[in-house]
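Order as written gives the chain letters A, B, C, D, E, F, G, H, I, J, K and L; numbering starts at 1 within each chain.
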Amino acid sequence: MTYGQGRTYKKVEVIGVSGAGIEDAIQQAVTRAQQSLEKLSWFEVQDIRGHIGDDGKVNEYQVVLKVAFELK
Amino acid sequence: MTYGQGRTYKKVEVIGVSGAGIEDAIQQAVTRAQQSLEKLSWFEVQDIRGHIGDDGKVNEYQVVLKVAFELK
Amino acid sequence: MTYGQGRTYKKVEVIGVSGAGIEDAIQQAVTRAQQSLEKLSWFEVQDIRGHIGDDGKVNEYQVVLKVAFELK
Amino acid sequence: MTYGQGRTYKKVEVIGVSGAGIEDAIQQAVTRAQQSLEKLSWFEVQDIRGHIGDDGKVNEYQVVLKVAFELK
Amino acid sequence: MTYGQGRTYKKVEVIGVSGAGIEDAIQQAVTRAQQSLEKLSWFEVQDIRGHIGDDGKVNEYQVVLKVAFELK
Amino acid sequence: MTYGQGRTYKKVEVIGVSGAGIEDAIQQAVTRAQQSLEKLSWFEVQDIRGHIGDDGKVNEYQVVLKVAFELK
Amino acid sequence: MTYGQGRTYKKVEVIGVSGAGIEDAIQQAVTRAQQSLEKLSWFEVQDIRGHIGDDGKVNEYQVVLKVAFELK
Amino acid sequence: MTYGQGRTYKKVEVIGVSGAGIEDAIQQAVTRAQQSLEKLSWFEVQDIRGHIGDDGKVNEYQVVLKVAFELK
Amino acid sequence: MTYGQGRTYKKVEVIGVSGAGIEDAIQQAVTRAQQSLEKLSWFEVQDIRGHIGDDGKVNEYQVVLKVAFELK
Amino acid sequence: MTYGQGRTYKKVEVIGVSGAGIEDAIQQAVTRAQQSLEKLSWFEVQDIRGHIGDDGKVNEYQVVLKVAFELK
Amino acid sequence: MTYGQGRTYKKVEVIGVSGAGIEDAIQQAVTRAQQSLEKLSWFEVQDIRGHIGDDGKVNEYQVVLKVAFELK
Amino acid sequence: MTYGQGRTYKKVEVIGVSGAGIEDAIQQAVTRAQQSLEKLSWFEVQDIRGHIGDDGKVNEYQVVLKVAFELK
């Protein structure tokens, strides 16, 4: 990549869900998004939410993020 | 669906337009988006706008919303 | 187009990069996005950023924008 | 009420859910909140969301709102 | 109107109040604003609020909106 | 005023400047705005800024606020 | 208090009203909230508004704030 | 739960503090809030902050979050 | 102008449209607004948008801005 | 100063704390910041917070502000 | 520290980068910032981003945060 | 640079002023900031404002931006 050359990126909003933690939920979304999109370059977290089970434990983290990739 | 299991959702931004009202504009966008995307799960309203006719009547509502669906 | 008739638009987030300036970065993104999407109708700038070269000159502008098109 | 006299209000965040529309979801939340709180004075909509059924129809509106009442 | 030609619009912030619902409050503001301003072109909702009566019913909707018109 | 009856308000953005303090800057703007507009009903502070003199003292407060009045 | 030990705080949104000024409206809300809640630890101003009397004078300040206290 | 049926939820703002990490601070707040409120359904992170000890180590994470539960 | 003396400014929201670029759209709005308002002192850009022609070229820039002037 | 000539300003974020009120907390930050920075030109309030003593009185105001000065 | 006494804090914006996780990226920034600034008191997370490697794994977390310290 | 390795960046807020246009005001701030800081890596535009001369012409652009550099 040379700075200054015309390039275009696209950002797509996804939500990764995982019972294991915030980083794991991010990786879940990145892995799944990469299957149907191009190779991803970076992500930006938009929101962190989660579900609370009947036992009062956080049983999943839901991380809303944007993933970006170059439109070649 | 079991909480805590890895899942990924995608959110897409659409604008529904209708002369009949806000709820109708939402349904318009949901119906149309479902034709080219997966079965949708939920929506989130981002903005409500509209056009005003020559007679000073609101002649259409434009509702910007995000619709979400699971990436299976 | 007749106001009040049911229509749906989609918005997609892209980033245009150009060494020539902000307007050029916008056009870069619009031109590239139009190749893989429908004919675009309008854009909305979200963010203006850029890279600074070793000589202290802005060597590229990165403009984050949303482009919109009708889902026919 | 006389303007300028010391008074205090409290705001509480609630979510009303209804299948019938946005105004109905607001009324649902107001009616229920009034049962466990003081007489309410006003509301402010924070967010409008909803669920989409298997048939592609919006089957419920979820309106996040703040309701306010005087602490007498 | 030809795209690209120099034009200027003005936006004014108004609040429409109605007991009948959100769309009606919007129309109320549009109708009244048009009397003292130019012919209006579009509106953008900024906030939705309302008052709650002694019987626990929403007795009016207050919709804050911007209305826009061309400065000819 | 009867709740539920159609009414319309207008909001105008003004900046009050005073060397005496924040409340005084608000009153400055309200007093001046009332001369060219209708009788004002309420205000909402948007921003508080100020200028710093050569002696390192805040020598004026600039309060950006919206003032509202009924369009009768 | 020892840093790092598990603790939980709660935040509650209140509006203090006073004819005397912004600081007085804050104190009004803090004093009243402390009667029905735990001992408060801190506050955060959310919004500053007010009412304007028939004589064009600000006759009350309405300060929206969050007050916080520890859930022991 | 059947979609479309009238329901109401309440959201409460709490701050969980823990020396062990972000997820632990969330769980701390959820566990404590559940003692004085109803069974919680979900949470939304609002802010992540923390304290830094004399040795330059982050010695606690303070996570501001909203927890939600149904008003039955 | 002497700092600390009571003064009041008004801000008005306008949209300048030009096919030539962002700076030109700003100047378009400033020039037109000055015809019906007082001499303007400064502007603040709120939003940058634009229209895309059938040939995929940005054919106009629409810059939403606030212009301010002193209420003498 | 001549308008249009190249100049650069820097903004720094500081928090002034005072038991005496909001204006005093602003002056506290301005006075202290001026000791280690250049002569300051203006300030912008970002946030107003405070601490509440055991007696339920606001015992200090904490005003987060940005101060600006020219990089000569 | 006695509440109510005049004090001033400064906030500085830094970005910590780490391959190990979000908490580690925060600590990275705090440790480095402390070397060139005063002893830090607290931090506030502004944004969480990261880079995605060729293998589709998140290979670094970039946490934008503000760190604060007292100006003695 | 190797991704995943611990690094820290700092962001500083500056305002570039130029009579020639938005890109020129950005370059003005970057050039001046680089004299007193480390070699800069990127910038992010926060706000675009400007001054209007007596002849109704925009006579300077004021671009508020953040510039970032690595703390080596």
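The rule we apply is simple: a contact is a pair of C-beta atoms (placed from the backbone, for glycine too) under 8 Å apart; a residue touches a chain by one contact, two chains touch by 3 or more.
This structure is a prediction, so every number in the text was calculated from the model and none was measured.
Number of steps on the shortest path from subunit E to subunit J, with steps defined by chain touch: 2. Here subunit B and subunit D face each other with different sets of residues for the most part; under half of the interface numbers are shared between them.
If you match contact pairs by residue number, over half of those in F-G turn up again in just one of J-K, B-D or D-H, and that pair is B-D. The centroid of the Cα atoms in subunit D and the matching centroid in subunit L are 44 Å apart.
Averaged Cα coordinates give subunit G a centre that lies 22 Å from the centre of subunit H.
Here the spacing of subunit B and subunit F, counted between their Cα centres, is 38 Å.
Rounded to a whole number, the gap between the C-alpha centres of subunit C and subunit K is 32 angstrom.
Contact of a single residue of subunit E with at least two other chains is seen at positions 12-13, 22, 51.
Chain pairs that touch one another, listed by label: A-B, A-C, A-H, A-K, B-C, B-D, B-E, C-I, C-L, D-E, D-G, D-H, E-F, E-I, F-G, F-I, F-J, G-H, G-J, H-K, I-L, J-K, J-L, K-L.
Listing the residues of subunit I that touch subunit L in their complex gives 22-23, 26-27, 30-31, 34, 39-45, 67. Residues 12-19, 28-29, 32-33, 36, 51, 53, 59-60, 64 of subunit E touch subunit F in their complex.
Contacts from subunit G toward subunit H in the complex involve residues 3-13, 66, 68, 71.
The touching residues of subunit I, counted against subunit C in their complex, run 21-22, 47-52, 54, 56-58, 61.
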